[in-house]
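These notes are about the structure you will find just below.
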């Protein structure tokens, strides 16, 4: 029941890291959308492992197949099923994790909750599941494009290294480097840090900033489905996320109301705000300004070091790092953040068609 | 459609600030719960205005009435409707806001979304709606009590003034002072700051920290309904909230995996973690450790100063502060944070009954 | 959790027969709808008890109050709460049903399911709850009117007495007599039968036929939310309903495909069918023809006779009929059927706005 | 959005008749269920075409593959995806239906609703989609078996030929003949009738009766999710269904309350009813007696005869019957009715775990 997201544009994902396949059903995609399969693949490629020296060296191709809902290149209104077959399902030796709980992974909690766990590569708790979200997000982006809405994300922080405010950056440059930070100077520092951490057989956290431009005024459903609450829900559902803030965020608590309030003015025929501490959302509803938010990612839990833990029988054991993993998750998290944001926006766009007579 | 929250323990709230009444229907409360009306009232009293010199001086009694679902003192399994009649529905002069959009309020976005707006006291966007949540949350707390789960919140920051880490505090002392910070030294500073800001006819933000103790292992529904994602959704739906983080939160991004990972050990028959950067949630599922989180509140938008804005016709106008408002929202937000957290926990407790055979 | 109905135009009802009040929250009513309170009251009056000699002689006024969501006569987009206070909450003597299970009532199943039951007047299982649906249905009808959609129902059968096919009747005449059958000759026979049954201290069943005219083409959401499946769900949720059929219904099973198929033709610019065995729905989607259906109601379970039963302790006991009850439920069920049908249609009308680009 | 069914045990189906594959995601299956793949296949085989001379002669093997959610033979709590690849995806000549609307099919309504239609073999509106439901239903049956609940269905009517009341029949014999009627004498007549109709290049309707034995007391969620309302919703969502009745059904309207009421008695420690006009459901909640219901199926719309219709341009055209189709749908509908009933029961069984403390 926790595997669906969205109300009218509703996705349901399935699949484990080392099962037969992962995938997604998209129910509620309006009919008549031209499906750009090249774009879907390019989005998946932005997320796939093995892209650069600072991501995991695992190679997975993440080739998708559309099983339903598309006819003669267009959505038909029927559910769209997309599947990515797992290429490597060999039964490797997982004995080191089958019985042992890796620190800060989901091993223990899954075991306790379900009493039964696909331990191969993390099973359902693996970030591999997010490939399905990226595929669905690609369709969401195609729909948003028709309304002129742009969803972008970039790496704004790795460890202590922070990028300048998004307003000073040219976001189109975010794909110019392997860390996906549009500021080349900061990017170099981030890359160096991640590389250093990797050589230490360690990992490090970071922040992804999302920016949604050209949102129409009026999206969001008070009181419980405020636009930013849905965005937060979406982001916090991504693996390794520890926090979400929008607009002024946590820093805003230090300000006075007289500093923080965004005064309105009339720009041509459009009502605008002079500042945007609100982050494009007021009372849970978009006001037409940029929607921007930060998503905090913890350091990847898999480290190439020995750690103390317990096994299923309760014995204290040592867990050793194995395999090929990301030293820092944020470069590959960028398309996931975009995908989830696009899914939220499309859903509210559809729901919003019924707000008034 | 945005006025319901929860899946099995599901609340739907209604009501505007100056309408006839506000209230809530709770659908899915298990039958047989003894309803402690005194407790519900005491929770409402913690939220009500006019409690102290640092909250608004408006007086509202917030007396509730149970309309259904309770018989001979116990829940029957039928929907429980609670209503709070608004005492003061006099048609005051609202001309200053009927046509003008107050900066950083929901006036403009509601007008744009709905084309029609109850402007009296903020209408549906008023924080008055949260009284209904607090009433429902009181029932959730009664249910949680039966499972030994405790939900607490306190003010951990006002402006730049921060309380020590929650683990060093005696949370039972949070009600000992009017700012609801359990550390008396910090509390005094916070109160002084709020008072200063109030005299400046300004407002200031703050942070409320929530702590959930004695959660069973296994609550949370991957992948989209992770426990912390639902908590974040709940908190971000509270008026004036700008951010949510749990466990290590935004600070965690600076750590290395080797620092951040919570190693397991066996304490008697219970699997525990030595540190708790995870904030009691791993893979979206509770692990039995304390669940703790921070909620950032912006400075209240209503200030007693003139501000520039526009009116419905697009004319640039001045909006003047009027009425009696909170200089800082966090002291009264404490019971709201607790209520929303309790609602999330009860819902997952019920849903969790079906996780395994 | 079973007390809400609808997806985008979503109602949640509350209240017991002899509690403080019954009512409904409507979430998702588009803003800007002019609320005709006189019409709502007139719909409630069509359902209320004590209307004529063939309905119960109990007198209840069913005066409603709007608590929220309406401002200056129009819906605001906020949830609309309507409440009907119960006038007669005196603690009568209910000992005869507090401990005994009335045959074919919900006494035993509620007791078994919830372990706790408001036995006064049937509590939540009383048909009194349907007044809340009628109030909500009145709003749905106002919305449908804007699209030209008409929802009507009438009594087509009482016991063995059947009215002619709806197409031969003038449905505007259904309110001309107390049994709500538009054919005056049949109506007289029905009234005589109900009166006879009443004098025998017995009850009898009947059928209500619903007809929806001017539906746009395209409403209904395959595959599980077919238009007729949602209508059936709605009707089967009304107290005392035992069956639902639409179009050719159960009689259609006897026909050959060559008889039953509705051939298409072109009427001016409109695609029509020559026959309408489909009942206006094909593949779960409206085709623009009349949507018509039958709803079977069992004889009312409360009879003025002694019956054998058991009590909570399992003792075999006699249950005697008491109070004032309807000898036949269908005349008062007509507005309920209309209300539920209107709620279904409005919901699909809103959902249908997102079917295609 | 209409492609999901169920609340806690929730299925989402996808796929078109001649697309790459059809399938289903089951979200909410409790962990720890042993998955009997042989049983799933046997259920699919009961539904597949080409079984006998009275079903379509099309051959499809309907071999399924589990893509996720099962590990070492047991459900893990993760979503279970099942896929059936379509064997025959050759682009046949569909020009006769690509532009023409077959009478009483979904061609016209899908075209109108979505503006875009996969016309190959009926696309999404094809009954082929129900194979996915049967697969999911097989899992539901495995779960019900653990609670001792049995779901059975059989053909009780074809055209005018009716089987005796289910209580007089040995339901285990329903698979002994190709029409799936447990009464061999009636079965022979039904088979003869279907064969006759087939030779006339025509089709005929029928009724499937469902019987659920050993239901616990207490399933069903008043007021809108009454057990029989959910069953009706489920059945009316099956292709070609025109009506649903349970217990006394439409015939019950002719009875007096004194005849229809089911008197209670105490059988050992169990409260029973002497008659069962209620059909095992009172007030929307199961009372422990047999739950039984009838589902009416119209004659199959595809007939091997010429019919008048219109094309997309509005021209009046002739549609000729082509291909291999069932002359009567009910024999193959039996496992579908069982599957949908099992899905309803499992869902209520899970939801029912939270009814009382």
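We call the chains A, B, C and D, going by the order they appear; numbering starts again at 1 in every chain.
Here, a contact is a pair of C-beta atoms (placed from the backbone, for glycine too) under 8 Å apart; a residue touches a chain by one contact, two chains touch by 3 or more.
Being a predicted model, the structure only gives us computed values, none of them experimental.
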item	value
Count of contact steps on the shortest path from chain A to chain C	1
Chain pair with more C-beta contacts, A-D versus B-D	A-D
Turn needed to bring chain C onto chain D - CA fit, degrees, nearest 5	180
Rounded Å distance, chain A centre to chain B centre (Cα mean)	26
Centroid distance [mean C-alpha coordinates] between chain D and chain B, Å	46
Centre distance in Å when chain A and chain D are each reduced to the mean of their C-alpha atoms	39
Contacts with two or more other chains, residues of chain B listed in rising order	1-4, 8, 13, 28, 31-32, 77-78, 110, 113-116, 124, 222, 351, 355-356
Residue ranges of chain D touching chain A (in the complex, touch as defined)	1-4, 7-8, 10, 12-16, 19-23, 25, 27-28, 31-32, 65-69, 71, 74-81, 83, 110, 113-118, 123-124
Partner chain A, residues of chain C touching it in the complex	8, 28, 30-33, 77-78, 146, 222, 350-351, 353-357
Contact set on chain A toward chain B in their complex	1-5, 7, 13, 101, 103-106, 108-110, 112-116, 124-125, 129, 157-160, 197, 200, 202-207, 217-218, 220-226, 228-230, 232-233, 236-237, 242-250, 252-266, 269, 271, 273, 277-279, 281-287, 294, 296-303, 305, 307-310, 314-316, 351-352, 355-356
